[in-house]
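Chain naming follows the written order as A, B, C, D, E and F, and within any one chain the residues start at number 1.
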Amino acid sequence: MPAPETTSHRLVLPADANHHGTLYAGSLLRYALETAYATACRGVGPAANLMLRRVLALECRRSVPVGTLVEIRGVVLQTRQGYLAVGVVGMPMAGHTLPWMDGLLGFVQVDAAGLPVDLPQPVETAADAPLWQPLAARLEKLAAIRGATADWIAAGF
Amino acid sequence: MPAPETTSHRLVLPADANHHGTLYAGSLLRYALETAYATACRGVGPAANLMLRRVLALECRRSVPVGTLVEIRGVVLQTRQGYLAVGVVGMPMAGHTLPWMDGLLGFVQVDAAGLPVDLPQPVETAADAPLWQPLAARLEKLAAIRGATADWIAAGF
Amino acid sequence: MPAPETTSHRLVLPADANHHGTLYAGSLLRYALETAYATACRGVGPAANLMLRRVLALECRRSVPVGTLVEIRGVVLQTRQGYLAVGVVGMPMAGHTLPWMDGLLGFVQVDAAGLPVDLPQPVETAADAPLWQPLAARLEKLAAIRGATADWIAAGF
Amino acid sequence: MPAPETTSHRLVLPADANHHGTLYAGSLLRYALETAYATACRGVGPAANLMLRRVLALECRRSVPVGTLVEIRGVVLQTRQGYLAVGVVGMPMAGHTLPWMDGLLGFVQVDAAGLPVDLPQPVETAADAPLWQPLAARLEKLAAIRGATADWIAAGF
Amino acid sequence: MPAPETTSHRLVLPADANHHGTLYAGSLLRYALETAYATACRGVGPAANLMLRRVLALECRRSVPVGTLVEIRGVVLQTRQGYLAVGVVGMPMAGHTLPWMDGLLGFVQVDAAGLPVDLPQPVETAADAPLWQPLAARLEKLAAIRGATADWIAAGF
Amino acid sequence: MPAPETTSHRLVLPADANHHGTLYAGSLLRYALETAYATACRGVGPAANLMLRRVLALECRRSVPVGTLVEIRGVVLQTRQGYLAVGVVGMPMAGHTLPWMDGLLGFVQVDAAGLPVDLPQPVETAADAPLWQPLAARLEKLAAIRGATADWIAAGF
């Protein structure tokens, strides 16, 4: 059985718009985060205590006009120790065939003091459903490129 | 002369917080976007008409407590045709030596109808200042991995 | 086959809280509305152009602490001409057995000028799933009590 | 002497609008709540510690264009033990004769732990002013139909 | 008969707070503005089309804890041509004897193109009620000190 | 060496607009405050714990259209004991020669209990740069007119 998707719907209001009358990128990022966070929390279960660790990638493929009801789906694509990577897809709008947005976000499980800990239980990840193949493939390619803290130490702040 | 940095300051208020009393990821993403957008607009000049195309990478390295005044700096790291990649760094907080956040965001120049066009003039990119080396290096590594639209067509929505 | 439910998840942030550290009623009402609106739009289909006409009833049964990820489900319970009544339920939180919120909201379909029109196509309503029985029963009892515009004319503003 | 009304004024800004350029229902509900809450707090006095218990009914009678300064009035219509029912009316806009909104909201007094307690002192309720007759009449009709918790227990979550 | 006061009530929520748990200055300024704007609009009547021209003075006298229901009153203190000066007072909280805030704000009437025009009709200003004496006195003292545009021209941008 | 200016950039979004499609005064005041606050905090250094005490003056000279990227600069103009006065200027928009906004705001340093204390160290104030002359001159003229608490005591609340 495939891992359960988490689905959310949002009405794009003027308060979410840029001056072109389409979804403002700041609101788009928040929508993506909220769906990813809900997906991760549901995957981990009631003991989830998660914080965003990184955005691995996020593409804005199409402008979304004010007044649109958008649908965003998410699944857990990968886990290791106290970390999980979640994929989100802004489902194609009426009359389109491509997602208006897709992204990969990584979360860490933390304890009450905010320190990283292991996931409380194994988390089911997405099966090979076609919808998630493009993001799963990109996640694999990105695996080697994570921003190294060592680079910043070398930068000598 | 190095390209001019754009600097912004934000006070982290309870309205920006998560339930841990630290900067909520949704607000963090918005801060990063706003600094990156201002950086890109200033780089392009008065004819700038930019939209977020992608987040190439963004790392959240440290929790930021409510009440902190954060400083975020941005520079244009790369341009090609109608596209520019901007780096942003959340400058280390008092008593720390590493950025609390860093990111790479890509913007496209659009015309009045929202269609991509060339940049109106050449844009100066960051010189080799140490602060920007880690992001410049990551940008180069990420060059080959951009999410291909073809993958989504293959996914067959 | 029962009418499809619409599900949404929201993380309760300090920005949504009252001074007790629980979900502020103003945010709760907005969550309920957004789920009901998404439910109604999906029921009507791509030609939906809906506005809230009334809240028939809404109960706040339990305080929701900041940091909770809440789940709200909605279904269309009833339609007539250009109007539909939607039920929403805040699903019981971990360790509880009752909804923390439930409500009944009525929407009207409008044309481009904002005037009421018929629904563009028949809308499927909820089958007799146990979850929706309490709201369906209350909707029936409330049928006779809708606030009459005539009362206000008599009030003589 | 009639119970004192509480009056509030709000300017409808684009941030409060839907994509029709009129007051978004989510903002309308919040305006109604805030006026009702202020009304209830002033009725109960300095020892008020109130939470929304229910929306008994709320009607949206007319679209309100962005840029309008709306006036909302509220009074306490009924009290019993630790509970009060408040009526709110969106006063007719220039050139109209009917309220653009009216509603009935119920609040409970709680102690520091959030548990229901009696009102700290008797609360004056609205006299028979014509403005409040329609809502007072509807409140009476609704008395028998409150959503029973028993229904939800029977629903067997 | 004295000019009618405009009164507003606001519940201070965590979303309005600074990191001290009291009313954030940014929210305080907005409350003051909204009451002043409503006061000015009501004074001018249905043909009002006003924009803020200046804050003449505003004092924050006392911290307001989250959870407080504040009351702000406003009156028109002065008019000339297309301009009016409004006074606002944050009424003393329970147990206090001084306003927690007071301010003087100036508005101009504009036409559809946003250009200054005369007020559509005479506007009643506050009588000598004691509450408004301190602000009326300060307004008079400030009359000579308005920031001159000429200074900025001399600054040679 | 002149005291360092603090610069901030903000994109004016529809969420910040009034019904004229220009920057809403409530948002303008918040922008001015945030820049002034950041300026004051940076001037005082890491031990800063500041609260807004007053707006001495603020002029709105020009409407700012939605979609504009505004630049606001601030400097500390004056200090005494636990108080500092900050000037802010909304830098002229493309094609203009005057600031669209300028203001003078006063902050006090407070201890953990919110009581006024001395500044932790001397704070550098602006040199005689032409940009700051108009505000420095106005600050001097305003020195004698601060709103006296005694006036309110006389008002007899």
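Everything that follows uses one rule, which is that a contact is a pair of C-beta atoms (placed from the backbone, for glycine too) under 8 Å apart; a residue touches a chain by one contact, two chains touch by 3 or more.
Every value quoted in this text rests on a predicted model; they were computed, and no experiment measured them.
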| item | value |
| --- | --- |
| Partner chains that chain B and chain C have in common | A, E |
| Contacts common to chain B and chain F (chain labels) | A, E |
| Pair of chains joined by more contacts [C-beta pairs], C-D or B-E | C-D |
| Counterpart interface for B-C, drawn from B-F, D-E or A-F and sharing over half of its contact pairs | A-F |
| Between chain A and chain E, centroid-to-centroid distance (C-alpha), Å | 44 |
| Mean-CA-position distance for chain F and chain E (Å) | 18 |
| Junction residues of chain D, two or more chains touched | 14-15, 18, 34, 37 |
| Arrangement of touching chains [line / ring / star / complete / other] | other |
| Parts of chain E lying in touch with chain C, wherever the complex brings them together | 12-15, 66-67 |
| Sites on chain C touched by chain A in the complex | 6-11, 34-35, 37-38, 41-42, 46, 48, 69, 94 |
| Residue ranges of chain F in contact with chain D within the complex | 14-19, 21, 24 |
| Residues on chain D engaged by chain C in the complex (per definition of touch) | 18, 20, 22, 25-26, 28-30, 33-34, 37, 51-61, 63, 91-92, 97-99, 102-103, 114, 130-131, 133-135, 137-138, 141-142, 145, 147-149, 151-157 |
